[in-house]
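The next part holds the structures, each set out as C-alpha cells.
Each of the next two complexes has subunit A plus one more chain, namely subunit B in the first and subunit C in the second.
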Partner chain A sequence: MNSTAATRPNGLALFILPSALLFALFFFLPIGLMAVMSVLTGNPVVMPKVAFTTRHYVRMIGDPFYLEVIWTTVRIGLVTTLVALAIGYPLAHWMARIKSRTGHALLLMAVLAPMLTGIVVRTFAWMTLLSDKGVVNETLMSLGLISQPLKLMYTETGIVVGLVHIYVPFMVLTLTGVIGRIDERLEQAAENLGASPLRAFLEVTLPLSLPGILAGSLLVFALAISAYVTPILLGGFQIMTLPILIYQQISANFNVGFAAALGIVLLVISLLLVVAYNRALGLVSGQRELQ
Partner chain B sequence: MSASIEIAGVSKVYDGGVRAVDAVAMDVRQGEFFSLLGPSGCGKTTTLRMIAGFETPSSGAIRVDGADITHVPAHKRDMGMVFQNYALFPHRTVAENVAFGLRMRGLDKATIAAKVKAALAMVELSGLEDRRPAQLSGGQQQRVALARAIVIAPRVLLCDEPLGALDKKLRQQMQFELKQLQKKLGLTLVFVTHDQEEALAMSDRIAVMNGGRVEQVGTPTEIYNQPTTRFVADFIGDTNIFRGERVGPNLDVGKGLILALPPSEMQGTGVLSVALRPEKIRLIPRAESAAAGSSAHGIVENTNFLGGAVLYRVELAGGHRVLVQQPNAGTSRLFVPGNGVTLEWTPADLVVLKD
Partner chain C sequence: MQTTASPSLPAAQQTASVRAPGPARPYGRYLYLAINIAILVFLLAPIAIVVVFALNPTPFIQFPPVGVSLRWFEKFFASRDFMHALGFSLEVAVLTTLSATALGASAALALARGNLPGARLIVATMLSPLMLPAILTGLALFQTYVLLDVGRPTWGLVAGHTLVTLPYVVRTTLAVLHNFDLRLEEAAQNLGASPVRTFFEVTLPLIKPGVLAGAIFAFIVSFDQFPVSLFLVSPGNETLPVTLFNYLKFDLDGTIGAASVVSIVLAFVVVIGLDRTVGLRSYVKL
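And then the complex of A and B:
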C-alpha cells in the first residue's frame, strides 16, 4: 500500500499527463528541432552529410538587409503595441468601471465582435478602405482635404492599422481584468485627500494597472511581430518582416537552416521581452502581496 | 478648523427609482461626534458619500459652515475620510499613504515629513513608515487610514464603518482611541455604523436611519431611554413592545394584561404602542398578588447568561412573552426555566412610541 502511495501520490496528477505530452511533442520538440536546424549546414533528412555551422547567424549579422528586416519587425511591433495601448486603455477603463450591465455587455460585444471574423477577411476589408482608390482616400479627396491619395497601403502605417485592429481586443481584455480588480474606493480616497480625478488616476489607478499594461503590451507585441497575413496583404511584399522572410526562405529558397535561424531570433526577441517584463513588474510592485 | 454640517432635505434617487435617501435633514455641530446608525440599506452610507462628494444628491442641499457644497467636487471639499476597507494605496508605503493628502496640497517636503511623523506618532505607528499596507495587521491598517485622514487637518472627518473589520477587543480599544483623538483635535466627525453599541458608546449624538429616512436624532441616552418610534425602540438594544387600546389611564394590550400608562400619557383614547426595556423590569420570586398595571405573574421560559447580567424570557399568565434583564447577583439568586416569578415595573418607565 505504501509503495503505491509513494509512486502515485495524487491520482489527479495523472490529468496533467496529456497536456504535458502535448506540450513536449508540439512545443519543446519543434523549438528544439528549429534550434538544431539553425546551426546545421543542411537538412539532415535529405542530406546525409551535414555539419554544425554558425554561418546562418553570421549571414544575418553581416547583411544590413536582414538587420533592417529585424528592426522593421520590431518597430512595427512597438508601434502596434503603443497604438493598441492608447486605444485599448480608455476602452478597458470604461468597461471595467461601467455600472450598467447592458452597457458592459454592449462594450464587450463591440470588443469581441471583430474576433469572430477571420483575419484574412478583416485584412481585405482594410485593403478596400486604405487603397489609393479606397474609401478613406476617396472621402478625403472629395472633401478637398487632399489632392493626391495618401499612401496608406503597402506602407508600415497600413500594416500597423491592420494589426492594431486585430490585436486591440487582446489588450482590452487583459487590461479590463486588471483595472476591474482595482478598488474604486482607492480613487475616491485619493480624491478625498485632494487629488483631482486626473491626478487620482495618475497616482493610483495607472500605477496599479501597470501589470495589466505590461501583460497586454507583451501579448500584443509578441502577436504583432509574428503576424504574417496582415503584413503580406497590407504590405504587399513592399515591407519585409521576419515572418514573411522566414516563409520565403522555406518556400522559395528552401533554406531551412536560415529560416530556422530567423525563427530563433524571433523567439529570442519575445523571450527577452518576457524576462524584461518580469523584471519590470518586480520593480514596480516590489514585494507587494495583493490582499 | 472644524466645521458644522447642515443636511437640508437631501434625497438620493437612483436610476430605476430606488430611493436610497429620502428627505434627510439634520445638523452636525462643530466638534461633534455624530453617528449615522441603522441597518444595512438604510441610506447611512449613501448619506455619508454625499457629504464626501462621491454621490450627488437628487434634491436638497448640503452646507458646511453655511456654504453650499452640494455640487463642489470631492477633491475640493477638504474632508478626511476613513473607508470601511481602509482603501490604503497598496503600492505606497505607510509614510507615502499618510503624505498623500499633504502632497496634493503642495506642501514642501520638510513640512510633509514633519507632519507625517507627528500623525504616525499620534496613532502610535512610529517605526512602520516604510512598510506597505499588506504587511500590516488590520488594526495597524486602520490606524494608517486614520492618520492619512487627520494629517490634512480636515474640516470634517467622515468614517464609514471603520472598525467593522476588527475583532471585538481591538474594536473596543480603537473606539476609545478614536473618541479620544476626536475630542483632543476638536474634530467634527460623522461616523457611519450599524453597531448600536458602538454608536451609543462613542457618539455625542446619533441619527437613527431606516429605509432612507431619519427616525430620530438625539443623544445616546435620549435614543435609548426615550425612543420616539417603534423602529428605534426595536433597533436599539432589547426591548418589549406592547400595542393596545387605551382604557382610561391604562393600556389594555390583550390576553389579560393591563399596563398603567406613565402620568404624562394618561389622557387620550385610541390605539397606542409602548416600549419597556428589559432592565427596567424587576424579577422577584412569585408574590402573593400582583398590583394591576405595574406587575404581572409569569413563568421563566429560558435564560441567557450574559456574564454581568442575565436575560430572562418570561411567559406571562396570559401568554405574552417578556424579556427581563437582571444584574447577576450571585448563583443562588438566579432563576431557572420553570420558576414561577413576578414582574414589577414603574409605569413612568414605559415609553410611548410613534408607529
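And then the complex of A and C:
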C-alpha cells in the first residue's frame, strides 16, 4: 500500500461496498439502536409514548449490586490476564526461540488445538476436571493428599482457570510475534559481557517485549470480561458478571432498555481497550521501523 | 510435517537435542523446559480428558475411567436434537463461510489496491468485531430484529456470524496481498493481458491461499460460535454449541464428551487442511 502513490480511488475501491453495507446494517445500526434503547423508557415500535430517560444508568450507579457485578467482571478479567501472561510468556518465548522447524510446528499445533476447540467443549472439560468428583479431586484424594474434595468449581478460582485456558493461546500468539522480532544477538551480547541468562532476559528481552505484553494483556482482558459460557457454567449461576447479567435481563426480565444500558457500559470499556491495544501494537511496529 | 505425533513430547525432545544446554549451567535450561512442558500439559490435558469421558461407559462423570465403549457416540448420533443442531450448525457455517469469504476477500482487494482514503481506519473498523465482545454483537442484533419485528430468521443468524468471521478473511487476504509482487501484474499487462484477464489469471491464483485460509477460519469460528448464536437462535432451531450449552446446564454425561470429540476431530481436520494448503506459519500473526 505504501509503494503506490496517493492517487484517487480506482475501480477496485468499489469492492468495499458489500462489506460496508454489511457493517452499516448489521453493526453500526444495531449498536446505534442499542445506544438509543438505553435512554428510552420502552420499545418505540410497540409503545406509542416513549420518552427520554436516564433511569437505566441511574439504576446501575445507584445500586451497589450492579457496581459489584461490574467490579467482579473486571476483577476476574484482571486475574485471568495476569495468570495468562505468567503462563503464556514462557511458552511464547520457547516458540519464538526454538530452532527446529518441526518443533515450532508442533508447538504451534499445541497452541492452536485448544483454540480451535469450541468454548462450550473446553468449559465442559474443566467441569469434569474441577467438580467435587472431578479428575483433580479424585486424584488428590486417592493419593491421600486431601480428605475432603477441594471446592474448585462454583468459585472465582474455577472461572479464572477455565478462562485462562481458553484465552492463553491469544496471549501466546501475540507475544511470540513480538519476542520473535527481538534480535537474539542482543541477549547473546549481554551474556558474552558476563550477564547470567536470567539477567540477560530480565534486562534485555523482557523490556523489549513490553509492547507485546501490553497488547496481549489488553486482548485477553477484553475477551475475558465479555465471556459468558465459562463464568456461568463454572460459576454455577452463583457468580454474576456483566455478560451474564445482560443475558439475564433479556431472557428472564425482558428488560431490553436496561440490558442495552449494561451493553453500552461493556462497549465503552471494550472500546477503550481496543484503542489501547492498537496503540500498543503501534509501539511494536514503530520499534520494527527503528531497527 | 508430522501431525499424528503427540505434540508435547517430541517437541520437548527435539528442543533438548537442538539446543543442548551448555555444561556450565544446565539447571536453568531444565527448569525452563520443565515449566514449558507443564504449560503444554495444562493446555492439552483438558482436551485429552474429554476424549476419556467420551469413551468411559458410566452414566456419570467418573474418574478413573472403568472401560471403553462407544455408547455415548451412539446416543449422540441417535439423538434427534443433537443431529438437528449439528445439521443446522453446518448449514449456518457453510452459508457464513460463503458470504464472509466473498465479502472479506473483495474488501481486502479494495483496501489493498483501491487507493481508498482512510484505508487504515477502515481496516481497523473491519477487524473490530474480533475485539469487541461478541455478546454485544448478539445483543445489538437481537434488539434490532425485535424492533424491526423480523423474528429470528436464519439469514439474521448468518449475518451475525458473517460479521464476526469477516475479520479473519480480511486479515489473511490482506496478508497475502501485502506480500504480493506487483511486478507480476505489470509483467502480465506489458505482455498484452487486459486488466480483467490479469486479475483472473495472475492476481486471483496468487491470493487464493490467503482467501482459502480465511475461509477455513470463518468456517471453524462460525461452527464454534456461541455468544451471537445465543441471542439469535430460535427454540427448536439451535446451533450445536447452544444445544450443548443447554444440555450441560442440567446433564453431565458422556454424550457431551462424544459431541465434543466430534467437534474436536472436525477442528483437527481443519488445522491439518490449513497446514496442507497454506502452511500454518503464514497467517498466525496477531
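Simple rule for what comes next: the second predicted complex is superposed on the first by the 263 of 291 C-alpha atoms of A that agree within 3 Å, B and C clash if a C-alpha of one lies under 4 Å from a C-alpha of the other, contacts with A are read in each partner's own complex, and residues count from 1 in each chain.
Here, a contact is a pair of C-beta atoms (placed from the backbone, for glycine too) under 8 Å apart; a residue touches a chain by one contact, two chains touch by 3 or more.
Model, not experiment: these values are computed from the prediction.
**Q** Have a look at where A:131 lands relative to subunit B and subunit C in the superposition and call it first, second, both or neither.
**A** Only subunit C is touched by A:131; subunit B is not.
**Q** Where does A:103 make contact in the superposed view: on subunit B (first), on subunit C (second), on both, or on neither?
**A** second
**Q** After superposing on the shared chain, does subunit C or subunit B touch more subunit A residues?
**A** Subunit A has more residues touched by C than by the other partner.
**Q** Touching A:197 in the superposition: subunit B (first), subunit C (second), both, neither?
**A** both
**Q** If we overlay the two complexes on their shared chain A, which of subunit B and subunit C does A:188 touch? Say first, second, both or neither.
**A** After superposing on A, A:188 lies in contact with subunit B but is clear of subunit C.
**Q** Quick one: is A:282 in contact with subunit B, with subunit C, with both, or with neither? Answer first, second, both or neither.
**A** neither
**Q** Once chain A of both complexes is superposed, is A:118 in touch with subunit B (first), subunit C (second), both, or neither?
**A** In the superposition, A:118 contacts subunit C only.
**Q** Mind working out whether A:62 is in touch with subunit B, subunit C, both or neither, as first, second, both or neither?
**A** neither
**Q** Hey, what residues of subunit A end up touching subunit B and subunit C alike?
**A** In subunit A, residues 196-197 are touched by subunit B and also by subunit C.
**Q** Would you mind writing out the residues of subunit A in touch with subunit C in their complex?
**A** 1, 3-4, 6-16, 18-19, 22-23, 25-27, 29-31, 33-34, 37, 43-45, 87, 90-91, 94, 97-114, 116-129, 131, 133-135, 138-139, 165, 168-170, 173-174, 177, 196-198, 219, 222-223, 225-226, 228-229, 233, 243, 246-247, 250, 256, 259-260, 263, 266-267, 270-271, 273-274, 277-278
**Q** For subunit C, which residues are in contact with subunit A within the complex?
**A** Going through subunit C, the ones touching subunit A are 1-3, 5, 7-8, 10-11, 14-15, 18-19, 25, 28, 32, 35-36, 39-40, 42-47, 49-50, 53, 61-64, 102-104, 106-107, 109-117, 119, 122, 124-126, 128-129, 131-137, 139-144, 146-149, 159-160, 162-163, 166, 170, 178, 182, 220, 223-224, 226-227, 230-231, 241, 244-245, 248-249, 252, 256-257, 259-260, 263-264, 267-268, 270-271, 275, 280-281, 284-286.
**Q** Quick check: in the complex, which residue numbers of subunit A touch subunit B?
**A** By the definition above, subunit A touches subunit B via 183, 185-186, 188-197, 199-200, 203-204, 207-208, 284-291.
**Q** Under the touch definition given earlier, write down the residues of subunit B that touch subunit A in their complex.
**A** Result: residues 52-54, 73-81, 83, 85, 87-91, 100-101, 104-105, 132, 134, 148-149, 152 of subunit B touch subunit A.
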